[in-house]
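Below are two complexes that have subunit A in common, paired first with subunit B and then with subunit C.
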Partner chain A sequence: MSSLKSDISNYKELLSQYLESRDEAVLYQAEQFSKQTIQQNISPDEIVNEHYQALQELIPNMDETVKDSFQFLIETMISYGLAYQEHQVLREKQIELRSEIGVAANMQETLLKTQIPDYTTIDIGVKSVPAKEMNGDYHHFIRDTQGNLGVAVADVIGKGIPAAFCMSMIKFALESFSDNQIYPEWVLDSLNRVVFRNLEEGMFVTMFYGLYDIYTHQFYYSSAGHEPCFVYRSDSDEFEKIDAKGLLLGVENDVIYEQRQTTITKGDYIVLLTDGVTECRMGDRFLKQQEVLDVIKLYADLPSSDIAENVFKHFERLQDFDLRDDITIIVIKRNE
Partner chain B sequence: MEKTLSSVIIKKEWDIVGARQAGRKIAIDLGFGSVDQARITTAISELARNIYLYAKHGEITFEKVYGVRKVGIKIIASDRGPGIREISSVMKDGYSTSGGLGAGLPGVKRLMDEFDIQSDDHGTKVTVIKWARQ
Partner chain C sequence: MNLHIDDHQEGDVTVLKLSGEIDAYTAPQLKEKLLALVEENPTVHVDLARVSYMDSTGLGVFISALKTSKEKEHALKLINLQENVYRLFNITGLNDVIDIENTVRGELS
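Let's look at the complex of A and B:
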C-alpha cells in the first residue's frame, strides 16, 4: 500500500510536469511508470482513480460534469481490474503447471529410456523429439540372449500426458516378455492383450516391431496399424516399403498379426518412422512419401545416427521449427 | 453491533440496478471513496446477477457493521435456488470469466474484504463485507 501511495504522488508529479511542458521526455517517464505499476500488480481502475485524484488537485475548480464522468469511467474499469488480477493469478498457476509438466517429462525420459545396443555388424541411429513436452512416440530396443536385436517404434493416438502414461505401460509390458517370445507376431499379440485389458476405450497405439537376426541378417517384422517402414536397397538405390497386416493395439482382444521377413544385405538400411515424419505438413499440403524418402536418401552415406539427426533437422525446418506431431526416426544400417 | 439497513428482492434483471442503488447510497454514507464505491456496486451486481440467472428469486440485504475503529458494509445475498454443488470449483479463477459471464464469485471475493458462502439443496447464501478506512 505504501508503494502505491508513493506512486500516486509520483503520478501527480508526472502529470503536472506534462501539462506544463507537453514534453516527450515526460511521456517516456509515464511509460516507465506504467511498467512499474504493472510490476506492483496495480490494476487499471486504480490508475484511473490516481488520475482523477491528481486532476482534482491540479485543477481545483474542475467541472462537476467532468468529475461525474470519472465516476463513470472508474465504474467501467472495475471489471478490467478484476480480469487483470485474475490474469496474474492464472499466470502464476501456469508457471507452476509448466514446471510440474517439466518434472513429469523428465521422469518420462528416465522411465522410458532405452539403451541403443552396440553392434559391429550393424549401426543404429535414433532421433525422437516430442512436439510438446511429453512424447507420445516411443521406441525400444531389446537385445536377446543370443544377441539378436528387437526394435519397437510406437505412436499413441492422442498426445501429451495420457499418451505418456500409456507408453510407460507398454515399455514395462515389453520388458516383461521372456526371451522365447521374441518374434514380432508374438510380441504384438501379447502386447495387444495387455493394451486391450488396460487401456480406456478410444485410446489406441500403433506399433511396428522388428527382430533383426544378427547372424543371418534376416529382418522379421509385424505391424499393428503402424506407418509402413522402409528398407533402402543399396544395389538398386531404391527404397522398398515394408508393411504387414495387423490391427492397432487395444482395439480387439484377439488379433492375428502377420509376420514377414526380408534379407538385409551389406549397405542396406532399415528406416522406421512415426507419422510425425510421414504426415509432415508443408503449408497446407502433406508431404508425399517419395519426398520423405528423397530426403532420407540425401544422407544415405552418413552413419545411422547422423542420418536420423539430419532427416529430423530437415523436417523441423520444413515445419518452421514448430513441430505439430512427435517425430521418431530409427535407422539400422548393415555395415558388413 | 449490526443493523439491517435495507433489503432488495431480486426477481427480474432490473432489480439488480435497485440493489446497486441501495448499496451505493449506504457506501456513500459510510464514507467510501469512488473506487471502493465502484467495487462494492460491482460486487452487488455480480451477486444479484447470480440470483437472477440461477435461482430466479432471492434477496440482497445490507447491514452496517462495526469493527475495532472501523465501519463497514455487509452484503448478504440469499436465495432458495438449486444451490452450488461444488463450491471449490466455482471459486476457482477462470471458471466464469472465460465464458464472458463476468467476474464470478472469485471476483466478488477480490472486490471485498471478507467473503463467506454457504450452499445446499435449498439455496445459497453469500455474505461479504467491505471495510471503510477511517
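Let's look at the complex of A and C:
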C-alpha cells in the first residue's frame, strides 16, 4: 500500500494548503485526488480516515466529541465502500461478458462466411449490417457443378446467440445439398424439414431462395414467408416485385413452396432484401420500400457491391435513423 | 410505446383485446397471457383493432399460441387486423395456417 501512503501525505498537504489559503485551485486538486483514489480502488471510508488522521496532525487540540464523530462517520462510510467494491466487480464481469459476446460475434462471422462467386456475365454485391453485435440475417451463395448461382437470404426470428446457432444449421444444410438439386422449391422444402425438426419453439426463419441460370439468364425463385424481392427492368426503368407463395420455415412439417421464374435481360438487376430494411425508423415513421428502391436507382450505374454499400450509407447519414433490425441488401446485375 | 392487454368473456368466446405495439419489448408479456388463455379456453379471439405496429417477434408469439391451441384442439382466431399488421401475416404465409377474420381495417389515425 505504498501508493496509498504517498497519497495520504499528499492529502494532508492539500488539506493544510486549503485551510491556510482557501484557494479554489487547491479544491481543483482535491477533485483530481479523488479521481486518482477511485482508480486505485481506495474506498470512501479510507478517505474519511485519511481526513481524520490529517486533521489530528493539523489541529492537535481537536475536541474529543469531534474525534468521536469521525469514528461514527467512518463506520457509516464502510457500507459505501462495500457497495463500491461490488460495483467494481460487476464492471469487471461486464467487460468479460462483452468480450465473450465479441468472440461469439467473430465466430459467427467466420462460421457463416460465404464467398461471393466470381462471374463475368453477372456482378454480385452484398451489404449486411447487424443492429446489435450478433447478426440475425443470413445470406449464402452456392455455385453448382454447371456454374449456376444459388443465392439465399434469410432472417431468423428470435435474435442473438440462439439465432446464430440456427443459422449455422441452415448453412450446413444448404451446403449438404448435392449439386444437381438446387432448384428453389426443393431447397426450401428440404430446409423446412430440417428447421422444423431441429429448431426450438419460438424460433422461425424467413428465406428467399433463388437459382440464377448463368447460361439462359433465367432466375428461378421461391419464398418461405420472406419479404418480396425486386427485379429492375431496364426497358421500362421500373422495379418489378418478385414473390412466391410459401410459409415460414419451421412452422409445419409439410409445406409446398411455389417456384416461379423470370428472365433477366441485359441491364436488369435483382434486389434481395430482408425486412430490416423497411423496419428502420426515421423519427416516428417507418422507411417505405419505395424509398429504398428509389435510393437504389440513384446508384444503379455503380458496380453491385457499391450499390449495396451506398444504399446503406445513404440511410445511415439521414437524421433520426434508427437501425432497429439487421439489414441485408443483395444486388445481382446482368452485365452482358 | 406500451402494449395494453385486456381479456373478457363474450358468451363462449374469450376475447383478448390488445392495444399498442407488439415488439421485442412487449411480446413476452403478450406471450405469457395469450398462451395461458389458449391453454385454458376452448375459443379465443384476439382483437388487434388497436395494434398499430407488430414486428416479427409478435409473429413468434402467435405461432406458439397456434401450436398450443392445436395440441389442445382449441380454436384461436385473430380479428380486426390493421392493414400493416395483416400484411405481415400475409407475407409470411401464416394467413393460411392461422384463422384470421377477413375484414381488414385501414390504419387508425
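The rule is simple: the second predicted complex is superposed on the first by the 289 of 336 C-alpha atoms of A that agree within 3 Å, B and C clash if a C-alpha of one lies under 4 Å from a C-alpha of the other, contacts with A are read in each partner's own complex, and residues count from 1 in each chain.
In this text, a contact is a pair of C-beta atoms (placed from the backbone, for glycine too) under 8 Å apart; a residue touches a chain by one contact, two chains touch by 3 or more.
Because the structure is predicted, anything quoted here is derived from the model rather than measured.
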Partner chain in contact with A:100 - subunit B first, subunit C second, else both or neither: neither
Which of subunit B and subunit C A:275 touches, first, second, both or neither: second
Which of subunit B and subunit C A:45 touches, first, second, both or neither: first
Superposed model, subunit A: greater residue contact from subunit B or subunit C: C
First (subunit B), second (subunit C), both or neither touched by A:70: first
Touching partner for A:85 - first (subunit B), second (subunit C), both, neither: first
Which of subunit B and subunit C A:294 touches, first, second, both or neither: neither
Overlapping contact positions on subunit A, where the subunit C interface meets the subunit B interface: none
Residues of subunit A defined as touching subunit B within the complex: 45-46, 49, 52, 70-71, 74-75, 77-79, 82-83, 85-86, 89-90, 93
Subunit C residues touching subunit A - in the complex, by the definition given at the top: 24, 55-57, 59-60, 63-64, 67, 91-94, 96-97
Residue numbers on subunit A that touch subunit C, as the complex places them: 155, 157-159, 201-204, 206, 224-228, 245-248, 251-252, 255, 275, 279, 324-325
List of subunit B residues in touch with subunit A within their complex: 33-35, 37-39, 41-42, 93-94, 97, 102-103, 106-107, 110-111
